[in-house]
Amino acid sequence: MTGRFSSAEFLAATLARLLAGSRTVAVGTSSPIPAAAAVLANLAARQPMTVSLLGSSRTNPFTSGGVELFDFAAQGRLDSFILGGGQIDGAGNVNLVGIGGYPTSRVRFPGCYGSAYLASLVPNLVLFREEHSPRVLVPQVDFISAAGRGPTGTYRPGGPSHLLTGRALFRFDHDRGGFTLLSVHPGETIDSIRAETGFAFDTDPSVGETPPPDAAALVLLRGPVAAGLTELYPNFVQRFLKTV
Amino acid sequence: MTGRFSSAEFLAATLARLLAGSRTVAVGTSSPIPAAAAVLANLAARQPMTVSLLGSSRTNPFTSGGVELFDFAAQGRLDSFILGGGQIDGAGNVNLVGIGGYPTSRVRFPGCYGSAYLASLVPNLVLFREEHSPRVLVPQVDFISAAGRGPTGTYRPGGPSHLLTGRALFRFDHDRGGFTLLSVHPGETIDSIRAETGFAFDTDPSVGETPPPDAAALVLLRGPVAAGLTELYPNFVQRFLKTV
Amino acid sequence: MSPRPDKRVGLDDLAAAIPSRSLLAIPADYGGPAIAASLALLRRGVRDLRLVTAPTSGLQADLLIGAGAVAEIETAGVALGEHGMAHRFRAAISAGTLKIKDATCPALHAGFQAAAKGVPFLPLRGILGSDLLRHRPDWTVIQNPLTEDSDPIVLVPAIHPDVALFHAALADRFGNVWVGVRRELLTLAQAARRTLVTVEAIYDGDLLADPLRAAGTIPHLYIEQVALVPGGTKPLAYDGHTPADDAALERYAEASRSQDGFAALLAEWLA
Amino acid sequence: MSPRPDKRVGLDDLAAAIPSRSLLAIPADYGGPAIAASLALLRRGVRDLRLVTAPTSGLQADLLIGAGAVAEIETAGVALGEHGMAHRFRAAISAGTLKIKDATCPALHAGFQAAAKGVPFLPLRGILGSDLLRHRPDWTVIQNPLTEDSDPIVLVPAIHPDVALFHAALADRFGNVWVGVRRELLTLAQAARRTLVTVEAIYDGDLLADPLRAAGTIPHLYIEQVALVPGGTKPLAYDGHTPADDAALERYAEASRSQDGFAALLAEWLA
């Protein structure tokens, strides 16, 4: 995954494909690769797409303050959101709070942000974590910030659709409540993924290699995407996009 | 009540005295005399006072749309509101909906506006109706738009404080749930008020004549108040304030 | 870059986009009533509208009611301001030909806000003791679940208009609409499934790109169509743009005392 | 005319107006954090603050926590953005010296909005299934009273901060404060009993008198004091005014890995 493109570029381009067809996409704070993916998806889209980067003044169509994105999602107007996680388990639960006890966690993460809410409401919730290890992808999260599936008999139009890591791409099956491996990134195998994943998962019969970014995506990432991200992520742009 | 000042000026000046000491005053739409009173009270105030005239762009401190006045009132930030009524009864109930049956009222009024809400929440709710007759001041309203007193065990920091008509000024007694005559306007007597009032009321031991507007009030009414009302009530200003 | 559709249409196209029987949300007469669009609606023979006012109306509702285009109205009040009562509204209610859902201003705001927030209801203080509650079975009184003390509180259900229609100062071609402090229009646009707007002027640029203008702008996300209709509130005033035509309003107030007088004046206005 | 008080004060006076033990509301690091005022608060030795973030924080909360001035925090998240974790926040939680009320962004917005609307709670979709509910007994799940179907929904209680403190672009001397599209600051000001603001500049006039500016302005009704503090968010960015001081932020991120490193840097910043 080195050479012609960086790992960040590979992941952003892969995430962007998962956003294709969305009319509206939002990305949280402290999420440079997801932000790059959303801006790329918008640049590549053939249908109108609107992107909101939380915390941005420029890439943000909202004018009612921080609450508007959440209201927008509850109305069913937000198609896609990309969510990270300190731990992610095989049931699609995400932990953004901490490891080892609560409240005095041994390892404390920043907090839930909007995840507890958006995970139930956004139809195309893409989970993303670059680190793919048994430490992150666990059998059961220590704290459920965002639930993969809700209690029965609850209003829940949304939920996880995919999980992208630095090693592989999974689909989330709502009925079964578990992940299915869709593709492995260059250099990985089904076995290497199994060895690095702390939870059980199914394997899609047509599992193959995650395709690399095409030339057009790289041109966009290094030009207009980089320019668009400089407001929020100047360091990321400098370090991880091969800006031209 | 003719000669040196108009009836509208007399009533506006009297209402203005009932607003003295308020930090915040609001007036609904289609209410020229209450609007004049609020602007006059503000001009005469020695403490900071803020006035909101519903529907006005200029005399309106709110920037969150029509809901803000109501939110403001529920927070306890709105001290005074002047409310009119198609019918008003001796229990302080106000009818803005209609006479004779519901919904197909024989005589239909415009509707409740904010009254059903504000009447419970605004501590100094001044009822105002120029016509003082048994037709308007009734034993029991046909429809309670705004209740004089709420059901017991309800959150109700507000309620009517006074009733001003073209003939007299009453105080509302919350404990008793009834009106007390405070003063009669020039030309009226306690008996003439009783004859024209459809509900029973108490009489204050010190009942006297409602004082006329002082010279300063008239100067303000005819100058800056008239100017301030021209946006919303151009016809009223022309007809009823002796503008200079 | 994904394409940004041009949302500008003509007035007749805009009127054609509002089907009969729509739950149609309109603003107060002082808050940007789309009178020209309402007349265009009548010209094309719209019927059986269910109006919901944000939170009151006047001339606009009275016109549509007098023309026989309204089956039902939810409102906190309909009157002509300085020009007195709304006679067609009153007559239709007394005759029983117009179904009325009486409300109070903050309950309508709460209903629109609930829809805008994607929640089924909002709680609201006040109202207890009003006869409104006897006639609004959809307004539910519950004990406040957060306290042990007696504290009944009203829950107002979300109002989801099929269409919101109003007039505003400015729009750009992307459908961003500047409304300034009239933020009830933003809430309406968020609450409604579709929002159509007439405007005084088209802004040459992107209203969201200017921080000063963005603060008073409804994002294009909520707007389906905009039509350039300068003076679109006439004969009503539009602050900073159109003064009230008091002679026309007075004539309306007089003529509309009778259905015949109304019909004659309407024919003139529709011509 | 009733007098209009001049609400301008100096930074130290503003800081002096925030008592120890206040329930203090602050915005997100990207939404106008009053860092200079926070340092002034630390200089005067404020203690036992209860912070509530709207809806997250970063450097500002970490600074106050590291300095030992915070007893409790309600937040949807604290981190330093591109500069990584908020170490003093994390250490204080792991050590049990900081009481944490974990929340989620929309629940904090809902709590402030409930206070601003004068209602005891707002309902909120989502959250069901999250462990947050197990640790927030003040968040109440009820069956939606408006439907017969199974529909549990969360009620979030109103949050009434004693003081809201933030930085904004402009204020006039009457206390009107321009925040543009950062309307969560307006909601904060409405929710809080008292609101104190530092600003980049003083506007010579009345912000409410200009329709373009009024649309992005918090009315003076909700504002107690404003202090002119250009660059009041430094070393954090303030959009359109102050770029981020990345060297200072990186130094903070490194130094604050240990309490000693933090203390040394803080002493420097307070000097």
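We call the chains A, B, C and D, going by the order they appear; numbering starts again at 1 in every chain.
Basically, a contact is a pair of C-beta atoms (placed from the backbone, for glycine too) under 8 Å apart; a residue touches a chain by one contact, two chains touch by 3 or more.
The shown structure was predicted, so the numbers you read here are calculated from the model rather than taken from an experiment.
Listing every chain that touches chain B and chain D alike gives C. Pairs A-C and B-C differ in how many C-beta pairs touch across them, and the larger number is found at B-C.
For the pair chain A and chain C, the distance between mean C-alpha positions equals 40 Å. The distance from the centre of chain C to the centre of chain D, with each centre set as the mean of the Cα atoms, comes to 36 Å. Taking each chain's centre as the mean of its C-alpha atoms, chain A lies 28 Å from chain D. Shared contact sites, meaning residues of chain B that touch two or more other chains, fall at 57, 62-64, 71, 74, 121. Residues of chain D found to touch two or more other chains are 117-119, 124-125, 151, 153, 181, 186, 211, 214-216, 240. Contacting chain pairs in the structure are A-C, A-D, B-C, B-D, C-D. Interface residues of chain C facing chain A in the complex, by the touch rule stated above, are 1-5, 115-119, 186, 190, 208, 211, 214-221.
Put simply, chain A touches chain C in their complex at residues 24, 42-50, 57, 61-64, 71-77, 121, 224.
Interface residues of chain A, counted against chain D in their complex, comprise 29-30, 32, 55, 57, 60, 62-67, 70-71, 74, 96-98, 102-108, 110-121, 143-147, 149-151, 153-156, 233-236. In the complex of the two chains, the chain D residues touching chain A come out as 28, 30-31, 54-56, 75-79, 81-82, 85-86, 89-90, 93-96, 99-100, 102-107, 109-110, 113, 124-132, 135, 150-153, 181-187, 239-240, 244, 246.
Contact residues of chain D toward chain C in the complex are 117-125, 138, 140, 142, 144-147, 151, 153, 155, 157, 178-181, 211-216, 240.
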